[in-house]
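Should a chain be cited, it is by its letter among A, B, C, D, E, F, G, H, I, J, K and L, assigned in written order, with residues numbered from 1 in that chain.
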């Protein structure tokens, strides 16, 4: 991280597969509109349960990206 | 919450009436520019005091909305 | 609080009216099965938004009750 | 907030009516002895339950006031 | 989440395989005695180490279920 | 901790003698109805004061016990 | 706790004997100038070490007392 | 703060000079695209170390600005 | 810290110059009325922004002082 | 855990594969120099993003090991 | 504390007797290998339960010691 | 941060000059015995007050360094 300014946005990704996949889905969506994404931090892991099994993992992340000069 | 990605934004609503109204004012304002708003969470409740009485309730909320596919 | 032991249970009450009513609904439900309820503490306030307005206030509380001797 | 120094005191207000009223009761009491009260922050909301209903809302607040020059 | 009351219980699931499996084991056990389980939240991830490798992942979760009317 | 699932319950024990005794009283009470109690964690220590002295130590603990297979 | 307002002050008590005695010393000192002290909460336990042994236990507490009407 | 709604964004500013300068760099960048910036809060202070000295201070701040009516 | 009791008060100092100066202003003001001030701890750093620049740094500190025997 | 003393060290493990693998890499490295490692706790999960995908998962853990008698 | 640098290490002490003794055991062990130990802070109190009684108190502390010049 | 493992140590630096200098003093001391120091995070800022002025700023930091392969 050099002399730049970074911005962080908070996203919730979801996946029927795993907690890691829920994170990947949030980052993939962020990459559609944001450039220069540099890192993420996990804030919370939760999920929706249907018929006694996890239907969706839902992970809240903060994603940091460099603001263009 | 299905297989979507959600984004959260942090707002401070204010009201001279009550803490609940301060939350409603933040959500009403968010609805002007955001579609698919789904939930909110309260982060902090505070207020401004004038002449010994509460002039404005100020409540910080995070509002979650679905990012369009 | 005298020389007794207390137990705490965590509940989420909901209400279309107000945050206070969501708390009252949790306590009313707790009273159906628990005796000697003595106090509550608010852990989190959130809500569900439909069409840009709060459809349900959802408040998480811990309720403390005395365990019978 | 200009070039002043502020002091914060922690109070617990109570009310049989509502959580907002418990906050107002704490601020009203603070105003009896303190001048220049400027803002408050909610730290905790709890309450006393009697016969399955909320007898008193008890809200802990920090109140900030300007120290005289 | 409609006009219901929910209860949350705290469980620790374990698994020799992965952190996600430890969560699934807690939810599977909860489903043996609880109906209407709706969501979970992860509180802590830890594990037991034997001979320098993870013998058991141990994940603490809160599980929320609807209280019957 | 092997491949089991554990449940945690939150209790407040009290004692006129000491903070450690308040913890022991909570665990003793838990043992009346729960089997396989394995560990506890202290969440909060407080107390009731009468005539300027501590009348009761009140310690909130979480107690973990193995859920039977 | 009835319809009163309470104030909380933060104190650090110390003792060469034990953590409980450090709390008692803080409460005893508070009682010299404050009336109607009702409860305390422990915020932090630490201590000073001299020659490899604990010379003083230092416990930070908040003490709550009723403000006179 | 009057009857307005405020929005908060999270930024990381950096500076080779000092922690205060890292905050100023984040606020200066925010001012390029945002109007009505009113306050900031520091969330975290960290930095990058090269050859045993601080190469960049990196301070995470939340910046609050009034949403136009 | 010997066998004394200490009291902590919470202050907000402000300065147009720097975060450190805001702390110094709070401590200087505390010294006008309190004797035996011994240490401080920073709780929060924030500031007021005017025309895109920091008009006042505002730092909340707790100041500890020995209560006279 | 018997009558021993344990020490905890804080490590950040990384992996291009998964969050669980980042934890395993930290524990494997700890085992090179430490004996009697007994448990770990996850403190934070984050990662580095390159070209819109997770290049490295980075998980901070505390590892506990028994100090030899 | 003068112009020195201090280092902190995290330890878990245990005792069958009391929470205070668990702290003393951690400090005694630290003193075998560390010089200039100056203070400790309690992070967590927990314990192991066997046959419904506390078999070991386990207290996590951070111990601070001066780094030699 | 590539595929390495990092270790974090907690230090308290002090300085009569400023909070930033207290951080620099901790990092300079760490560099005497540790190689590959990569980043730091501030945990707490406090200080010692003598005759109403700050005699020493004391800042607790965590310093991260790469463990050699």
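The criterion applied here is as follows: a contact is a pair of C-beta atoms (placed from the backbone, for glycine too) under 8 Å apart; a residue touches a chain by one contact, two chains touch by 3 or more.
For clarity, every value in this text was computed on a predicted model and none was experimentally measured.
J.: Can you give me the shortest step count from chain F to chain K, moving only between touching chains?
T.: The fewest steps needed to get from chain F to chain K is 1.
J.: Report the inter-centroid distance (CA atoms only) between chain I and chain K in whole Å.
T.: 31
J.: Whole-Å distance, chain D centre to chain G centre, using C-alpha means?
T.: Distance between chain centres, rounded to whole Å: 22 Å.
J.: Indicate the whole-number Å distance between the mean C-alpha point of chain B and the mean C-alpha point of chain L.
T.: 38
J.: Provide the list of chain C residues touching at least two other chains, using ranges where the numbers run on.
T.: 9, 19, 48
J.: For this structure, give each pair of chains that are touching.
T.: A-B, A-E, A-H, A-J, B-C, B-D, B-H, C-D, C-E, C-F, D-G, D-I, E-F, E-J, F-G, F-K, G-I, G-K, H-I, H-L, I-L, J-K, J-L, K-L
J.: How about chain G: which of its residues touch chain K in the complex?
T.: 18-19, 44-49, 52-54, 57
J.: Where on chain E is chain F touching in the complex?
T.: Touch residues, chain E against chain F: 9-16, 25-26, 29, 48, 56, 58, 60.
J.: Which of the residues in chain K end up touching chain L in this complex?
T.: Checking each residue of chain K against chain L gives 1-9, 62, 64, 67.
J.: Within the complex, which stretch of chain B touches chain C?
T.: Its residues touching chain C are 19-20, 23-24, 27-28, 31, 37-42, 63.
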